Each structure stands twice: as C-alpha cells, then as structure tokens.
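Chain naming follows the written order as A, B and C, and within any one chain the residues start at number 1.
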Amino acid sequence: IDAGSSTNTPPSPVDKDANIIYSIKHSYAEIRLNRPKKFNAITWQMYGEIGEFLDRARRDTVKFAVITGTGDYYSSGNDLGNFAEIPPEGPEKMAKDGEKVLKKFVASFIDFDKPLIAVVNGPAVGIPVTTLGLCDIVYAKDSATFHTPFTSLGQSPEACSSYTFPLMMGPAKANEILLFGKKLSAEEACDRSLVTRVVPSGNFEEEIESMLKKYSELPPISLRTSKQIIRNTHKEKLHDINIKECALLAERWISDECISAIMKFFQRKK
Amino acid sequence: IDAGSSTNTPPSPVDKDANIIYSIKHSYAEIRLNRPKKFNAITWQMYGEIGEFLDRARRDTVKFAVITGTGDYYSSGNDLGNFAEIPPEGPEKMAKDGEKVLKKFVASFIDFDKPLIAVVNGPAVGIPVTTLGLCDIVYAKDSATFHTPFTSLGQSPEACSSYTFPLMMGPAKANEILLFGKKLSAEEACDRSLVTRVVPSGNFEEEIESMLKKYSELPPISLRTSKQIIRNTHKEKLHDINIKECALLAERWISDECISAIMKFFQRKK
Amino acid sequence: IDAGSSTNTPPSPVDKDANIIYSIKHSYAEIRLNRPKKFNAITWQMYGEIGEFLDRARRDTVKFAVITGTGDYYSSGNDLGNFAEIPPEGPEKMAKDGEKVLKKFVASFIDFDKPLIAVVNGPAVGIPVTTLGLCDIVYAKDSATFHTPFTSLGQSPEACSSYTFPLMMGPAKANEILLFGKKLSAEEACDRSLVTRVVPSGNFEEEIESMLKKYSELPPISLRTSKQIIRNTHKEKLHDINIKECALLAERWISDECISAIMKFFQRKK
C-alpha cells in the first residue's frame, strides 16, 4: 500500500480547444473529454493523453480523479479515423500499434491508485463503457446509455470487461451486453451494478458538484490506501487479462469479420 | 483462444421419440429435452447424451447452442430411477459411477466454447438449475421456477454452483437457494442474475425464435473467441470445483442422511 | 470437507447481564450481543468472546449458528472506549494489540464451518456490517441500517469487506459504501445483495423464529459439508486479505488522519 507523496505538476494554461482538459477543482482532478462535435470520440493520441493525465493525477496533490465528457455524449468510443489510414507496413502493423496503445491505456486505469469517479453525462459506446468496470464510482445522467457492440463489429471485449462485467452482474446479464450487444439505459445499468447511481438531468451538474465537493473533504491517505487494498486483490489478474484481451483484439482487427463489418459501416455512412 | 474449424456431423434422421433431440436451426444447434410425460427428467444415459450433443455442437458449423425442454417443464432433474437399482457391487459402486457420469457431464458445459443459451420453458429442479451458472444467456418463461432442494435430500451443490451462484448473486442470496432450498420464481431468478430476461408466456416461442434468429446473423468467430476469453479466466477453477463437488456428492449419496431422505421420498409417492 | 464430530460443551448457567449470551435453541446456537444501553458496542474483550462462542458452536451439536443483538440496535461496532486508554508502551502497541484481536476475530468467521445466519434487528455500524460478508444468510428488520464510515474516521475496510463487498455487489456500489460511507437502508442493502431478505418489524421475531425452526429440521452433515464446499474456494484468499486489512488498519489507527478524526468525535460528544 502506497500512501504516496504528491507534488503538484506545474500548471499550464488551459487550452479550451484541447481534446482533453485536465483541471484541479476543490481537491480532485477532472479529466474532461472535450470533442463535443465528435461525440467525444477517442483518437489514438487521446488514449495516450488520458493515460498521462491519470498518471498526473497520481502525482498531483488531489484526493481522487473524475472522468467526464463535454456536451450531450460521454463518449462514442474509438474514433472512426483510427482505422482509416493503413500504414505502409500493412494492417498487421496497425493492429500491433493499436494493441500497444490500448494495453497502456487500460493499464493506466488498473494502476490508478486513488478513487476514480466516472461522471457519465450522456451516451457511451465501446471502451468508455468497458473502462467503467475499472472505475470506483459511476454516476450516470438519466439520459445516458451504455452500448458495447463488439460482436457485430467482429471484435471482442476490452478494458478487462471480460472479467469485470461477469463478476459485477453475473454471466447471464454480462453476456447479453458483451456477446449480444444489448444497449442499456441508465436505469438498467444501475440495476446491473455498472452504475452507482442515476442522477436526473434536471439538476445533474449541481448534484454531481455537490457530491464531489463533499468527497473533497475526506482524508486523502485513507481514501488512497482503501482504494489500493480493494484494487490490489485483482490487480495482477487484471493486467494479465488486459494483455490477453489486447492480443485477441489485435487478431480480430485484421480478421475478415472485422474488416467486413467496418467496411459495411463506412459504406452506410456515405 | 480457438477460433475452431467446423465440419457438419452427417445428419441422421430425427427420432421424434428420442429422449433428447438435436437439431440445427438457422445457424445454431438446439438440444431439446424430450420426455414431457416425465417432466424431462434426466437418466444416467441422457447425461452422457447431452454431453455428446454439446461436443457435436462444438464441431458442427453452428454459431451457438440452445438447451431447452419440451412441454410444461424445463426439467425436473435427476430421474428417480437413477438410484432405484443398486448394482451387485453395492451402493458405493453406484455412487462412484454416478460421480464419473456427473463429472463428465458438467465438464462438457465448462468446456463448451461457443455461446450457450438456456431457454427455460418451465419449472426446473436440481442440476438443470445449477448448470444455468455455466450457461452464457438464460431466458425464462414467466411461469418457470428454480429449485435446488439439495440439503433436504441430504445432498450438496453440483455443476459448480457452489462457486458460480455466490459470485453471481452474492452469498446472502445464493445460500438461501443452495443451503436452504428456497424456490425462486422467474422474476426472483432474474433479480438475482440467474436469469437474463423473463419472457411472458403469451408469445414465448415467437419472442425466443426472434431473438435467436437475430443472434444467428452475428459473426461466428467473434462470438466464439469472445465466449472463450470470458470463460477462460475461470475454466481451471471450474474444473477443480467440479471434481471436488462430484467427490462430495458421491459421499453424500451413500450417507445415512441421503438414503433416509430418498427412502422417505419414495414412501410418500406410494 | 469435515463432517465433524460434535460434543456438547457442558452448559453453564446463563448470566443475563453478560455482554454476550450463548444459548442453544431448537438445534442451533444463538450468539446474542447483550449491551442494549450501549447499542451493543463491542469491547476488545467481546471480540475475543464472540470468536470463542463461534468455536464453541463448531464443537457443540448444533446445525448452524445465529448472531443477533438485543434491543433497538444490531451493533454500533467498535466500543469508543477501545481507543480511550493508550497503554504505557504507546499508541503503536495499542494498534498492534488491536491488530491481533481483530485478525483472530475475523478469522473465526472465515473458519466457521457451519451455516452462519445474521439476524440484523436494527442499525449496524462498522465491523458488524463488514462481517455480514462472511455470513451465509442475513435477515434484516426493515428498520435496520448499514453504515461503514471508515474513510471519514481515517480508517480502512476490515472483515474482508475489501474483497467480499465488491464481489457481491460490484465495485460501483461497493465503493459508495466502503470509500464514501453511504449509509444503506434495509431495502438498499437487500437490493445490493448484502441482505438475504428484509422482514417487517411488525412480526419480526415470529417470522425469524419460524424460519430458524424450519431450518433446524434439515440434515446437519449436508448443511455442514455444503457450507464448507462453498466457503473453501475462497478461504485461503480470505485469510490472506484479513492479514493485509488488519495490517493496514494498524497503520491507520496511529495515523494523523485517524487520531484527528477520533479527537474531533470525542470533542463533539462533550
């Protein structure tokens, strides 16, 4: 258990147009996805940045971190452009690069050693849903939805959801989501223990702000060591599963099933 | 992860009076218990046949398998006749033989590497309930019930339920079922995550057919590899628990408690 | 699996003013906290006594054990006086002694090899809540509440709750309780699988008595071996986690955060 010694990263001026905005409020770090016109879709570069911001929140003198989105969506997940440009070395190289990026991204969630609170301000698709299994608290606006359409896209679960989802909600409910792509409302997600609490849209920001402010007054070392003792039981297993899931996804990305599904998707959008 | 190469088992004419009917519909295999007058009770021979049909569904070019029952019952479980005839070598031999049959039967569920969907068309008692913990999806008719009266019969949990049930619903709810024999309605089973969804009797067959047809259009290798990565985490543990549960049951079957309970049961039926 | 051989501990006259009363009813052992004026708060000595009574219930010819409280509370948890007197050797000695007492207490729950039923007759705070994760059945009066304010007191989870709570209710719901001290009603605790069933206040004693009487008629060896096969899967892990949790708590007890929180608490009570 590491109670940690924290120093504040020297502040840099906030770029309001940045894809991700990191800020310190009360005594927590907020990591805010900021591409509302693109439904907060995540580019390869953003995966790296989110990971770096999580590492920064570990070092900064903050008691916990919050992840949220700007606009109507939490995040639509993987940016379509991530698979649009095949490098000269071919799709296998792109798959291997993606595997590395994803593995590192998920590992930063597994290793985050302070409480991590997801504030799901709207619909979520793909990895923004599966990473919720690695968060400690999940608040969802009543208009939020949760969708993991892996199978129809020829893909497979990631962010350790193949392990965390069945554990949290039992296999009969988890597989409906992971294997058969059932989309959940906020209420359904809460019933299935993916979401801690559903907050009505009417006063969403105020109620979240009020809760986070209250948590900001809690003793930081207690928060940190308790988070660690809860996470440590599963940590090794989570890293092992992350490696296996990323390896399987790298295969799936260059499979006929996946290439065919993604091509159909692009053709529909024309 | 094994994406598998499948060949279709040469079709044999369907015997409409067979205790179990295996058929291929759309692109899935249906394993249908077919002893409606005996509430689909399972004889020693049927345990072996169900296992063989699961192996066949692994080899055939099907995307997933479905288990269901004919008539008003899903299955009343172990056929009473299974323990009626004590072999010349004595009850210990019968218990040992039963242990082997059960271990192999449960192992075929653990090793089934495509999605396995249980369609619970009516009441279920004993091992038909516990095997649900090894299925991936469970649909239940609203008139279905779920009962595991092990303790009152001097027996103990099987089909890895001693592990899967507490994980899926927490020990406080699992033990009410496994230790104290509480019978669940379909709604209660769904609340406790044993059942994915409850389907009203009115249009049960149509709704199930419609869902299975929709799933039939999903990419098969994605379905298979995702099922495997979800199952693999627990596979070794499940096999270990299966061995331990079967060994305990073999002891329980020849215990005074069990023999006494079964004799009382037969006397009541006279 | 140990079916056990039991002998009855020779009966001693019941001291109606004892802090804990052990009695045998029907065919179960009842361990009743009996300090209603102190909300059944647990002194260092009582931790030891509860452990001894659990060991006694293992040896006595009883089929299961029941833990409950006298009066309006189940238990308010750790007695304030436990930390009031710092020994001559200093607070580190007190923390180490507390660590030993707690470790042994929790280990007696982990090792209890018959069904253990908690009858939560009223509000519960702290370790009376976390030990519920080591019970097999939990009945709660509708007026019961469940509160684990560890973080605000600068402390951390105990009784293996850092492991059992996330498993039973998923991390998103467990952390709201363990990290952020959310207090649960009986209904909420039942929704989250901490409680088996909520029993209305109106006929609480009669309904509980009736259920326990019914369970008293079940075969004892079946009950015992089934409880063991369910518990054994996790036993080694639970002991390991107990050791880690107690070590962390010993550090927390002498931390500035904890000392400061406890001093504030005593000052408020003046």
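Heads up, the rule we're going with is that contacts are C-beta pairs under 8 Å (C-beta built on N, C-alpha and C of every residue); 3 or more make two chains touch, one makes a residue touch a chain.
What you are looking at is a predicted structure, and each value in this text was computed from that prediction instead of being measured.
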Touch-based graph of the chains, sorted into line, ring, star, complete or other: complete
Superposition rotation for subunit B onto subunit C, Cα-based, multiple of 5°: 120
Interface composition of copies subunit A and subunit C: same or different, split at half: different
Centre-of-Cα separation between subunit C and subunit A, whole angstrom: 36
Subunit B residues counted as touching two or more neighbouring chains: 167, 169
Touch list for subunit C against partner subunit B, complex: 1, 115, 132-133, 135-138, 164, 167-169, 192-197, 215, 218-223, 225-227, 229-230, 232-233
Complex contact set, residues of subunit C against subunit A: 150-157, 162-163, 166-167, 169-176, 178-180, 237, 241, 244-245, 248, 251-252, 255, 257-258, 261
